[in-house]
Structures are given as C-alpha cells and as structure tokens.
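Attaching a single structure in structure tokens format; questions to follow.
We just call them A, B, C and D in the order they show up, numbering each chain from 1.
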Amino acid sequence: MVDLSVKIAGISMKNPVMVASGTFGFGREYSRMYDMNELGAVVTKGITLLPKEGNPPPRLFETPAGLLNSVGLENPGVEGFIRDEWPYLKTLQVPIIVNIAGETVEEYRRIAQRLSPLEGISALEVNISCPNVEKGGMAFGRHPDSAYEVVRAVKEQSPFPVIAKLSPNVSDIREIALAVEEAGADAVSLINTVLGMAVDVEKKRPVFKRVFAGLSGPAVKPIALRMVYEVYEAIRIPVIGMGGIFSWRDAVEFILAGASAVAVGSAIFSDPVAPLKIIRGLEDYAARNLQTRISDLVGLAHRNAAEF
Amino acid sequence: MVDLSVKIAGISMKNPVMVASGTFGFGREYSRMYDMNELGAVVTKGITLLPKEGNPPPRLFETPAGLLNSVGLENPGVEGFIRDEWPYLKTLQVPIIVNIAGETVEEYRRIAQRLSPLEGISALEVNISCPNVEKGGMAFGRHPDSAYEVVRAVKEQSPFPVIAKLSPNVSDIREIALAVEEAGADAVSLINTVLGMAVDVEKKRPVFKRVFAGLSGPAVKPIALRMVYEVYEAIRIPVIGMGGIFSWRDAVEFILAGASAVAVGSAIFSDPVAPLKIIRGLEDYAARNLQTRISDLVGLAHRNAAEF
Amino acid sequence: MHQAEIIFNEEVARGIYLLRLCADKVAESANPGQFLHVKCTKVPHPLLRRPFSIADTHREEGTADIIYRVVGEGTSILSQKRPGEVLDIMGPLGRGFPSPPPGTLPLIVGGGVGVAPLLFLAKELSKVAGLEGRAFLGFSTGREIFDTEVFESCGFSVELATDDGTCGKRGFPTELLEDFLKGEKKVQAVVYACGPRMLLLKVKEIAASCGIPAYLSLEERMGCGIGACLGCAVKSAKGGYKKVCRDGPVFEAGEVEIW
Amino acid sequence: MHQAEIIFNEEVARGIYLLRLCADKVAESANPGQFLHVKCTKVPHPLLRRPFSIADTHREEGTADIIYRVVGEGTSILSQKRPGEVLDIMGPLGRGFPSPPPGTLPLIVGGGVGVAPLLFLAKELSKVAGLEGRAFLGFSTGREIFDTEVFESCGFSVELATDDGTCGKRGFPTELLEDFLKGEKKVQAVVYACGPRMLLLKVKEIAASCGIPAYLSLEERMGCGIGACLGCAVKSAKGGYKKVCRDGPVFEAGEVEIW
C-alpha cells in the first residue's frame, strides 16, 4: 500500500493533488460530477475585497496545447464569498484553500482579516501573480520587495497558513521565492499563468480587450517544471507545483522536480475527473517504483541529477 | 500584386520570412530540398570564437506542441565557419545573417572582428540569449547593462548591421530592448528559447544533463507574440519576430503585433518547406486584405487595439 | 460525463456532419437548446472540449444527435471519427428554449448550422397537438441546406433564404421574419433564433420593435462548460456578465447585450 | 520530401504494424539501414517527425515499407491511418549498412522492432548468388515475432530467442551470437545489428572480443533528420559528436560510444 498523504504548510491532505484556483470555481459546479472529498485540496477562485465583474468577452482563446485567459478575477467579493460560497464549502471534508487578490497591500490585509474568523479554512493562497487585472495582481509578484510586503501583511492578519502564489513572468523566480519565504510564507505555489497574447488576423487587432492574457495548459509545463526545480533548490518551505499538468506522468515530473503537492488547472476543462485519474496514476507509479510514501519522491530528480 | 519586400536594418529582403538560427544549419543541408534563394534571409547556426562540441545526448525532447533543445552551440568556430561554410554561403543570392555567441564581451568583439572582412554578410545577429551554455549566452541577455555592453562591442567592430537577439527569460523585455537600441543595435530579434526542463519519470532525473533546456515551437507562440508587441511599443528600431511560427497565420499575427520580418525555426523540422508556404500564405493574405505592401501591415494591431 | 458510442457520423450537406451518439442519459433528459461539451481528442492538443447544440434525441433508442460544421481542428478531428468509436461527452448542459405560452405562434429563425438546436425545438413543440409555426431558415448556399423538411413534418411552414440566391430568397432569414411580421399585425408570437451574431442582433431588434419576446441561442468560447471558469461571458443588460454555459446558451433577448 | 499514398497499414504482430507506401523515389534509391522521416500529423502537436527504418522496397511496384511498434502518440496516430491517405515523408535519409566483403559471413542480430532494417538488408544481401548467413533474432514474447521467415527465404539460417521463453531460446539474441562465435574459431564474419541499446552494447563487446567488424543501427531523438539541427548527437570515439541522422544511423561499432 502506498501512503499518498502529505502534510504541507500545516495542511494535512490525503493525497498531493489539488485543483488550481480559477479552474474549479467554488467547487459546487463540479460537485454533481464527482466526490470532491477525494481530492487533496480544493483551491477557490480568487477573491477580492469588493465584488469584481471581470473582463469583457472574449475571455478565453485556445493556443497550441494551451489556453489564454483574460477572466479578470470576476468574483463576488469577500462578503459575497462568505455569504454565498462558504456555507457550502465548509461542509466538505476536503481542505479548502482560499485564493485572495488585491489592488493594494491594504486590500490584501483586509481580505485576510475578514476571512480570519472562518473556521475551517485550511490556508490562504496569496495571488500576487494575476496578469489579467489593471492594478495589483502580477505587479506585486514581479518584484521581491512588493512580494515581501503583500505576504508579510497577509501573514500578520491570518490565523491560517499562507501560500504565496508566484508569477513566472520574472527574470529570476528564486529571488521572489526567497522574499516571500522571508516574509513568512508557509509554502509557495507556482506557476500562475505566463503572460501571452493572440492577434485576430481577420480583425487585425488583439483578441483580448486587455491585449495581454495568461497562458496555461500543457504548453507551459516545461517552463513551470523548470521554475519548480529552481525554487526547490532556493528555499526551505514546501513548493506546490502546477502549470500544464495533464496526466499522472506530469504530476510525477513535478514531484520529482521538488513539488510537495501539485495542482491541476486547465486540464480539468478537458477532463473534469483528470485530478482523480492523476491520483490513481500516482498511486500506481509509486507502487511500481516500490515507494511506500509518495513524499519520498519529492525532489528526487535533484539527487539523481548528479549521477548523470 | 503584393509587394512582399522589406528593408530592415539596411538589409533588403525580397520577403519578410527568414529561417531562425540553429534550425537551418548553414543552409547547405536544405539546399537539396528547395531553392533557398526564395527565402527572405538565411540566419546561420550560432558561431563562437573557438569550435564547440556541444552538449551530450539527449539534446532534444518533445513537449506538448513544443521542443526542448540542449544543443549547446555545437559549431566549428569562426575559423571553421570561414573555411568550410562561408564559401558555399557566399554563392547564395539571399541575404546571409551570421549568428554569433561568446562567453565574454571580448569574445563577441573578436568574432565580429574576424568576420568583418567577409564581404557579402548582410548582418550579424548577436545571440545574447542562448540558455544552453555554461558561460555567456543568456546571462548577457538577462540584464540591460551586459546586453548593452555586448552589443556595443560588436557594433564597434562590425561593418555590418547588428541585430540583437533577445532572451524571453526576463521580467521586462522592453528594458533589454531599450538597452540594445541605445548600444546601437540596428534591429532586435526575439524570442530565443524559453528556459524549460523535462524530467524522466523512469530514471527519476532530469532528461538533460544540463538540467535546463530551451523551449521553442508553437507552445511558446503566445509568449513570443506578447513580447514582440511590447518591444514594438518601446523602441524605434525594427523588430524581427519569431517563436512558434508554424503557419502563415502565425506570421501575420507577428507582423500585426509589430514584427517587420519573421523567422521560422522549429516548424522547419516538421515541414522543411514551411517557410515557403508561409511566404505564399502572406502574399495571399495581403492580397485578400487589399494591401499592396506587406510592410503596411506592420504593427497594425496596435492601431486597431484602440478601437475595441 | 459519459462515454458515448458513435452510431453514425456522415456529411449531410457540404461541410456539415450529423453525428448520432448512443447516450441514453442525454436522450432522457435533454431539452431543446441545451448542448453537449465534446472531447475531440485524448492528447493535450487541442486542449478544450467543443460545445455543440443537441439537434435531436430518440428516447426509445437512447440516442442523441449533434449537427456540426467543420470549421477548425476540433471539428475536423470529429469528422474523422467512425461508428463504433467512443466519444467523451458532458451534458446535456445549459438552459434551453422555454415553451411558448399556449396560443402563441412560434417563429423559428435559423442561420446555417444554427438550425441544429431549432430542429430539436421544432420536434418538441410539435408534440403539442395542432401546433402550427413558421420557420425562417437561411444558408450560405443551396448545397449547405440540411433537414429543412423536418420543420415541415413538425407543423412549421418553412421559408428559405440563401446568401447567393441558389435556393429560396436571396438574402437573410431575418428579412423573411420581418416580411412576415409586417403582414401580421398584433400577432401573439415568440421568436426562437440561433445563428451568426449578426442574425441574432437583427432578430433582437425586430422582436423588440414588434414587442414580442425572442429567445436567442448564443455562442461564446468555452472552457469548463458548467459555470466554473467564468470564461464564456456575455454582457448582461443589467450590468456584469452572464455565462453562456450556465445562464444560457439560450437567453431572452433583453437579458443580454449582443454587439 | 514526398507525399506518399498508404497502400497497406495493418498489425502484423502484437503492437507491430507494417505500413506500405507508394513512393517510387524511395524504392529506387533506398539502401538497407536508411530511414524515412515521417510526419504523423498536420497540426502543431506532436511537432516532430518520426524516424523509421526502411524495412523493404519493391522497385517494380514503386513501394517502400516500414515496420513500427506503437509506443507513443506519433506511432499511435500512424496506426490509425488508412490506405488511400497520404503521408508526408522525407527520405531515404542517412547512411545504411555497407555490404560485406566477398567471402565474409554476414551475421545479423536483431531485437524486437529493430529487426525491420535487417529484413531489408537480408533481402539485398540475398541478391549475391549463393550467399549464406546467420540471423539471431530476439523478441519479448512469441506474439511479437514477425517476418522471421523472410530471413530464411533470403538464405539465412535463423535462431530465435524470447525474453519469456515462449519461442526459441529463453534469453537474448546476443547469447545466440556468442554461442555461435564460440563454436566457429577464426570465422571471417561481419555483424549487422539493430535493437535496444543493451543489445548494441553487447554486440559491440562480442564483436570486439572476436576481432570482427560490427555495424550498428542507432536511435536518437531527431529534429531535422538531415544534419541541420545537431540534435541527434552520439558520442564519437574520437571525441566530439556524430549525428545519427547524417553520419548514421548505421555506424561501425568502433566509431561511436554506446552507453
């Protein structure tokens, strides 16, 4: 029997497979399709202080093995979340991680504060990497100082563990990872979407109103994997890996590269039960490789790289 | 009739479609397959001062809609190039752009010097963005100061126009573009490969000996396009766009985003005559859109973005 | 999610395919206007499912049909599938067309492959005894016309338009609708429409000016298909955005902005 | 580059397919050991062509065969192609097996689908009147064996090995080669081998210890297939790297390092 359970940043998960923020709504949508309690953790759509209506259509555009999105953090705001979504979420038996975003450090602080009475939240994921909003978001995640500030502010307010979600749109992601570790983050998650765009050749203009959008899906996997590998060597807090995970093989790649847990995002659109298939695939892989604990595989590629 | 010709950085090309460095060898390999004089320009494999044997296998790994390479700049060195490759290249009727790389600023300078007597070179492309070598390469392209220095040094030596080839592995590519423009570059080309990696789940170690490798192909197109769009707004010298161009539509996207010319790289492996098909596709597109000069399309997406 | 076996997949008009699936759950519960979210491939590219309106169901046989036009990679992969192969589908999803209030005249306006969900609608409406209706259908050209006879057998009188005039009137089906409404003063009617954006826009205008309700089936690029990703936004008349997959694809014309 | 029509594409042993192409240019000029670089799809994924050894040609009919094992996306797409479809191929590419000097005994060692180029070799060698040879062939299991009788009809006496002992000797074909060479002192022979890396490594050792030349067909991940991208490197015994696509795929065992 393989022990799939992992404990990261104080969150006990029965397996290391989470669903990525923004791709699973607030869980309810998928609840009719399968038992969400089989997941390692559920990460909510990003929540802002005030409700946000998001960007005009089109919000999605498919690219080779990838997806550009410009949703623009549409969400009901923290009050709406507490009123309409939390009552359902808190009944689940699976760790709930609430993803939060703000335009100012103060906003992050106030969301964290407002969420702090909600018993049952397993962690906050601090999104300093959303490329689809006018202010805040990725702007914070591209500089070590502002990343530090945001995480520090949330950490001060939050009774829950804090996960910093990093942007890949930087020269050296290790710098940012080090800054958020120093700010007290309990874990980092990466990557958020890669800044990209598409042009409509008939209309001869950008596909998206905001011109740039966030690239996710299998196309970005090699980039995400590289960043997980880099960050794993730079910091001591655990890494949650994501970006293009489509099959159990991809999940294994991330774990070997140093991810203590992984999140499945865009692949859910292709196959809503992809996370469950990945859990089963991980279990089989570990069994085949005579590992009794999945956690023993974390970062193994670093140790084996030397043997080349 | 559509006029496909473009003149950038003093290079007159009969159409805006070049082949990307490292994907077309020194031309000869493809000469049996078609008439290379139909291309806009041929860019050679990267040349270093001394011969370089390159990295151990594996050097290639396929990813979703993409390709990781760790060739490591295998090349015969500038003397070998002059002796074995130039005699053939100079007989061609197509502009030849020689791609050069070095481990130190001094090396770049010396290669440029050594090439300067070769009448018939149309331009040097200064590779400050190769991710597959121990020293130099991308290290120069990630900081405005070192990018400036290298381009300055080459520009001082070279009687030919100088194109700076930029790395996408930066927080803000406009900064680098501005620096090389200031250093005297006559054009910029982007993107070189995106830093990525792959893990072998059976061997439980990185696929590549050097761990990280360069990602190219359709997977990176949205990223490349975004960077071309950004750089076009930041600088006044022309932009040569590349990264994942697979069909004429992709080429049009780059041109509308601001590229005065484009280069086809990895797609050549899938279809050696892809560049020719793209030229024909561009011509048809321009005709359909009642453009008599392809150059009138350059950057059109910027002007039309306002109309949203 | 179901694994549905393909029973039939053939070209029924130029570039237009009819695909019949063995999918009893869909056949049991589907309403006209709802759609299936179809996985075209197992490999990571193309990544997303493709939405297609349900064009018919046969409860007894447990089958459901979609009718699709080959326009890109996904539909071209689909067109190569053969009977016996299994397709991964989600659905029926979304909210379909409401029934007309008793005594109202259903007016159907369809353009091109947008006719697909209206076929299913006509069949359902025909279950109401003695129902009569009108169908105004437009196609690019004669060779792309399909299944118009189904409307007739469902009690609809059909008028055709083609862009090139090869069949029926040269022009758009919205012109046929306009002509009809001009003739009938104060008719109690309801319009059901599906087709290109321009068609929907025009139908909205016409219906508004005649003061009759119109239900439009919209299209938007989709990720999840079930309201989780917020990708398929359409501007709501009340501000903010509705989601085509969850709040639609069928909307009352006044609910949404079509631009 | 040619557009070659598929004439035949069927499973000939478990997971192993024979694909016959109408490709007269290939049929005219191909030498055993050369390969075709095959485009499996038109869409941007999977991006690269797949290399396959030429397994036979028929000059009169203008056809060329490849034999492939379904191992991943590319080969699984290939296996779904039907006669009449057209395949985009490059080739014949690379350098094949040299002929044996007159009077030398050709010893063929093949493992699994590595047998493919050796079939073509055997057929070519059999054109030399009275030629005799030996073929030592290994497969995982009995159900994956294909075409061994071809070697016999070409004048080779065949010995088989399978990993699981279901057919022939339990073990590897290199053991058969070793046994044979032990029996024959000072034989004038030349070894031709294709198969998994371990097989090639072992053949190299055996040949070196017996002082006979060996020609090995190597595999490496390929981009261009013609020496332009420098992707398919294999360490040269003299330092630096050879390119499998241009300098090989067949190398004299001493030229390259196999690890």
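Please note the rule applied: a contact is a pair of C-beta atoms (placed from the backbone, for glycine too) under 8 Å apart; a residue touches a chain by one contact, two chains touch by 3 or more.
Remember, it's a predicted structure, so these values are computed and weren't measured experimentally.
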Chain of greatest Cα-centre distance to chain A: D
Separation of mean Cα positions, chain B and chain A [Å, integer]: 33
Whole-Å gap separating chain A and chain C, where each centre is the average of the chain's CA atoms: 37
Mean-CA-position distance for chain D and chain C (Å): 54
Centre-of-Cα separation between chain D and chain A, whole angstrom: 47
Shared interface positions of chain D, touching two or more other chains: 44-46
Overlap residues in chain A, where contacts from two or more other chains coincide: 64-66, 217-218, 244, 246
Category of the chain touch graph - line, ring, star, complete, other: complete
Residue ranges of chain C touching chain D (in the complex, touch as defined): 43-46, 73
Residues of chain C touching chain B in the complex: 44-45
List of chain C residues in touch with chain A within their complex: 1, 39, 44-49, 88, 90, 220-235, 239-241
Of all residues in chain A, those that touch chain B in their complex: 63-66, 68, 142, 169-172, 194-199, 201, 203-206, 209, 211-213, 215, 217-223, 225-226, 229, 244, 246, 249, 252-253, 256-257, 285, 289, 297, 300-301, 304-305, 307-308
Residues of chain A that touch chain D when the two form their complex: 64-65
